[in-house]
Each structure stands twice: as C-alpha cells, then as structure tokens.
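Alright, structures below, take your time with them.
Both complexes shown next keep chain A, but they swap its partner, so chain B is in the first and chain C is in the second.
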Partner chain A sequence: MMLDSETTKTYTRPISKAWWLRDRGHFNRRYFMFLLRELTSVFVALYVVLFIYEIFLLTKGPDAHAAFRESLNSGPWIAFHIIALLFALYHSYTWLGLTTKMQAAGRGLVKIGTKTLPPILIALGSYGAWIVATIIIAYLFLTL
Partner chain B sequence: MSDHKTIKITVLRYRPEEEDAPTEQTYEVEFRDDWVVLDALNHIKDHIDGTLSFRWSCRMGVCGSCGMMVNGEPKLTCAAMLRDYYPKEVRVEPLVNFPIVRDLVTDMTDFMDKLKAVKPWIIREEEKPVSEGEYRQTPDQLKDYKQFSQCINCMLCYAACPVYGLEHDFVGPAAIALGHRYNLDSRDEGIQQRQHVIASKEGIWECTYVGECSVVCPKHVDPAEAIQQTKVATTTNRFKSLVMPWGNKT
Partner chain C sequence: MNYKEHKSEPFWWGMFSQGGVIAALLIPIHIFLGGIAVHLGLIDAELMSHERLTGLLQNPLVKLYLCVLLIFTLYHAAHRIRFTLAEIGLHSLAKVLPFLCYGGALVGTAVVLYILWVLF
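Let's look at the complex of A and B:
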C-alpha cells in the first residue's frame, strides 16, 4: 500500500538501545552473538596497540623491553590476554565461517568448470589454512 | 473437533483517529489443532471484532502479504501453526522496523521504493526483435540465480534486520537479493545500472552480517548469502580494475 504521508498518521515504534539483549520481551541469541562478534574488534584493536607499543620499546633498548615484558606477568594483564585471545578466536572462527556463504550448493563463486566447489571444502580449506598459519607463527615465535 | 479448548491472542492495535500510540487487545478464541495464526485473526474479524485490520491474501505462503511478528518473531501468519504456541498466549504485532498504518498493517512504501531502485527486471543493452526468438538459458545458468528468485517480498527479512531498523537508508536484504538475482541472470546486461545502489555504502557495505534475514526467510532465499557474494564479487572486480585498468569492467 502506498501512502500519502501528508494525510496518514502512521506510528513508528522506537528501538530499544538494548535490542540485542531483549527485543520486545524476547531474547534473541543470534542478536547477542552478533554484538559479541562486533565487540571482538575492540579487543583485537587493544591487543594490536599493546603489540605495537612492545615493538616500539625494542627501539629503547633490551632493558626497557624486558621490564615491560616483566610487567605483563601480572594477573590483570594475563586476564586481558586470555580474554583477547578468546575474542580473537571467536572473531576468526566467525569470519572464516562466512566463506561458506559465497559458496552455497549450485551457485557459488568458486567453480571448477561448471561445477561449484562444495561449501564444506571452502570451510575446511579456510580453517585448515588458519590452523597451519597459527602453527607456523607459533613455531617461529617459540623457537627463534 | 470442538472440545472447547481456547487460546488467548493478544494483538497490537493502533487506530490513528482515536489514539496517538498503539495499545494491546486480547481476544480469547477457540483453539483448533489445524488452525494457523491467520485463521485465528480471521475468526476474530468475522465473529468477535470486525474493526481489526490486517493484510492477507493467498493463505499458502505465496503472496507474502500476511507477515507479522508472532511472539516477537517475524512470521508468515498463514504458516505459523497455533498448536506450536498452545497453550501459551500468542502475541501478534505488525512487522517491526516499518511505520504502522493501522493495527497490524504497516506502511511498505520505503521497501517498494528500494525494490524499484535495484531494477529487479531483465535489462538488455539492446533488445533483439521477437522474430529472433527467446533468450535461451542452460539449466546450469538457471541454477546460478534460481534460489534468489524465490523471494515473495514479504519483508520478514527487513523486520529481522537490526541494521535496517537503526539505519533506514540501508537498501536491505530482499532488495539486494533480488538485484543480485538479476545480476546473476545470463540474459541480463544491467549490472552497471544496479551497482550504484547495490555496491554502495547504503547497499551491501551497510550490512554487518547479523544473518537473521536468512533465518526468518520463509522461502529460503538466503539474502545474507546474496550480500556476501556481492561483497566478494565487488571487491574482486575493484582489485581487477586497479591491477588491470584496461580490462573488461563488470
């Protein structure tokens, strides 16, 4: 129905600021998980700032860097790193999970000839590459 | 059949000539195992309160007219069985994120404007004469877009999308999925005419991938998938045109 907005008195319902917690009396788990995913970027960003600061301290000499590393051993910093790690894992997991969306059966973007590669292969490839990259980086950090 | 079981249906009422904001009204109707929420609403209108307003047409999930919020979720009321809620009360509201015109009827002008903006029809640079026959297509080419063509414009995805609720400029799930449907059609040559709407800030880039549009879609169109596919294709094409500015731009 097309309306003449000049003559029709419509009512627009306000949206609660807590729509992701409780929307019209109902909790929607997917809205909540979505906002949690948005929040992951805050922790990823905070960690990156911390990491850049650590690299910056390397220019100030080994003592400054070692002192900073030592200060990270306190409880609050360890807690922050664990939380940031969990958020980073959730962020990566959901981001890579998106790759299947471009690859639904029969009409995906990645094709071999006219055959669409199954979404499960794309997901396994993405998660596999993530795990391999993590192992390589962990190996380099722990051994060098 | 009648064993005198009843169910309470609470409906959001809005009568603009009488009130400034919606109110609630509860009706007690006979509960029938084979009734859908729309049957209960029609029973109310026919036998209890003729002033109740709502849209419906086909009663079989094809027309897309009877979308409403049922206990907080966007549903086609012709497909929402009462027995799935019984014995609890059923709460029916107009689709959220749209202005209410009266009772359960919303103003869909914004959606219609956005739908028109993505030009959901086959565009040809030059039409060939009828004497040359139809534009032919292989089953594989049909498969590329068929799912996205199942949209019935019921707007449940707009009610499910918090981004549309908060940013009304967002073109929205169904309109993008339908634009994508024509972009994927081998007979179509109109992608450039749709890109400024679809591949814009108000288009795919406004979507933060909540994914609820695909969850509520009664026809399994999966608009979230259409948006993700368009994001990947648009980004790939932009990189291609940067690396190979002389190349074929699509």
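Let's look at the complex of A and C:
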C-alpha cells in the first residue's frame, strides 16, 4: 500500500492481500461471504456477454447459431451455467434481502400512517416480486 | 483509499443499483432456461432454435426487454467489478479501473443497441 506522506498521516492498519481468506491469522466468514457476494458480478457479466454474443450470432444465420448452441451442450458449459446460476441466486438473495435490512434500520422505509411495517412483510414483498418475475418470464418464454 | 469522488459518481451508483434489481429479479431464470434446462432436456430444444429466437426478436417489446435486461446489468456488474478488483488488492489501479469498467459497460451498451436495432 502506498501512502502519500505529504497529504496524509492517517494510520492505516496493514491488511493482508488475502484478507478475505485470512485476516490476522483467522478465517473470517463475513469477509469471505462479502467477497463471494462481490464475485457474483463477475458471473453476471460473463453470462450477459455470452447472451449478447448469442443474439449477435442469430444475425449470422441458422448454422452459426446452431453450432454455438451445440457447443453450449457440453459438460464444461453446462457446469459454467450451473455455477453462474448459483452466484446469480446468491446475488438475488443478498440484493433483495437488503430491503429487509433497510426496513429494520432506523425508522424504516415503508410506513402506513405512523406505523412502520415489520421487515418480514418487506422480505415477503421483495422475494415475492422475484418469484412472480421468474414465473412471468418462464411463462412468456415457453408460450410466446 | 486515496481518491476524490468524481461528479459522475452518483450516476454510476444509480446504474449499479438499478441493474442490481434487474439482475436479481431476472438473471437466474434466464440462466436456468437457456443454459441448463434446455441441455438437460427439461424443455424442448426447439425453444432455443434460430427460427424460434429470431421470431421472438421480431417483437419490439422483446427487443426493448432485452435492452433493459442486458444494458442495466452490464452497468451493475461493471461497478461491482471495479470495487472488487480494488478490494482484492489492485489498489494501485484504483484510478484506471473506473475507465476500464464503465468504459466496458458503455461499449457494451453500444453493441447491444447496434445488434438489436440495426442488425435485426
């Protein structure tokens, strides 16, 4: 870590490069889960780029697209999608769970009159929206 | 960390959270349908055929949906990757990462718009 002695003299506690695995000699589960949560973005990005590539191949004709689909139908690619799905699910779980935390913090986000709604209702709302969106997309994809 | 906030910072944070909601609600089902279910034979392979998908893309609402899905999630990922890379030790790149990550999302936006509204 580089400190510019002219602009700051603040003490910075030395942090190991692998702080998310070992911090001061200990495994810290919270740090590890935090990094996993941040890593979900890598899988979201990879999947979205793959998705865009497939749409591009659609413009190249049936053969190019069929060859692409054929290559996705292989162990490594199916494994990639399963791992990406697990990370995506973890993103959904943590992201939608934030609404509950915001509701629990301070005076809450959603109120009726002066009453703050219990966080569990907010959780039901946001996870419920996820389930509804999932069903709608699946239904449209299978029937359109 | 030792960097000044750029005035565009609120925009990137806004796109990050917008994309975060969209990714949370929609990405898992897409991965499951197109990447897993079809290959495990849970759904008909014809659903992912060229003829079927190009047919879907004739519908402007489908195109609009894909624009929202793909573009916002790119900004979400770009923002988080920017901070993740700094967190795991690339502090020295803290000044370059925003350009690389947001630049990637901007290029991705242009590519998505070009493919969906020009090539199709």
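Going forward, the second predicted complex is superposed on the first by the 127 of 144 C-alpha atoms of A that agree within 3 Å, B and C clash if a C-alpha of one lies under 4 Å from a C-alpha of the other, contacts with A are read in each partner's own complex, and residues count from 1 in each chain.
Quick note on the criterion: a contact is a pair of C-beta atoms (placed from the backbone, for glycine too) under 8 Å apart; a residue touches a chain by one contact, two chains touch by 3 or more.
All figures in this text were calculated on a predicted structure; none of them were measured in a lab.
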First, second, both or neither for A:L21, with chain B first and chain C second: neither
Touched partner set for A:M102, first chain B, second chain C, both or neither: first
Which of chain B and chain C A:R30 touches, first, second, both or neither: first
Broader residue contact with chain A after superposition on the shared chain, chain B or chain C: C
Touching partner for A:E38 - first (chain B), second (chain C), both, neither: both
Contacts of A:K9 with chain B and chain C, given as first, second, both or neither: first
Contacts of A:L124 with chain B and chain C, given as first, second, both or neither: neither
Doubly contacted residues of chain A, that is, touched by chain B and again by chain C: 1-3, 8, 20, 38
Contact footprint of chain B on chain A as seen in their complex: 1-3, 5, 8-13, 15, 19-20, 23-26, 28, 30-31, 34, 38, 98, 101-102, 104, 106-107, 109, 114
Residue ranges of chain A in contact with chain C within the complex: 1-4, 7-8, 17, 20, 35, 38-42, 44-45, 47-49, 51-52, 54-56, 58-59, 61-62, 65-66, 69, 72-73, 77-78, 80-82, 84-85, 88-89, 91-92, 95-96, 129-130, 133-134, 137-138, 141-142, 144
Residues of chain C touching chain A in the complex: 2, 20-21, 23-36, 39-40, 43, 45, 47-51, 53-54, 56-57, 59, 62, 66, 70, 73-74, 76-81, 83-84, 87-89, 91-92, 108, 111-112, 115-116, 119-120
Chain A contact footprint on chain B (complex, rising order): 14, 16, 20-22, 69, 71-73, 93, 96, 99-101, 105, 107-109, 112, 140, 143-147, 162, 165-166, 184, 208-212, 215, 222, 224-225, 228-229, 232-233
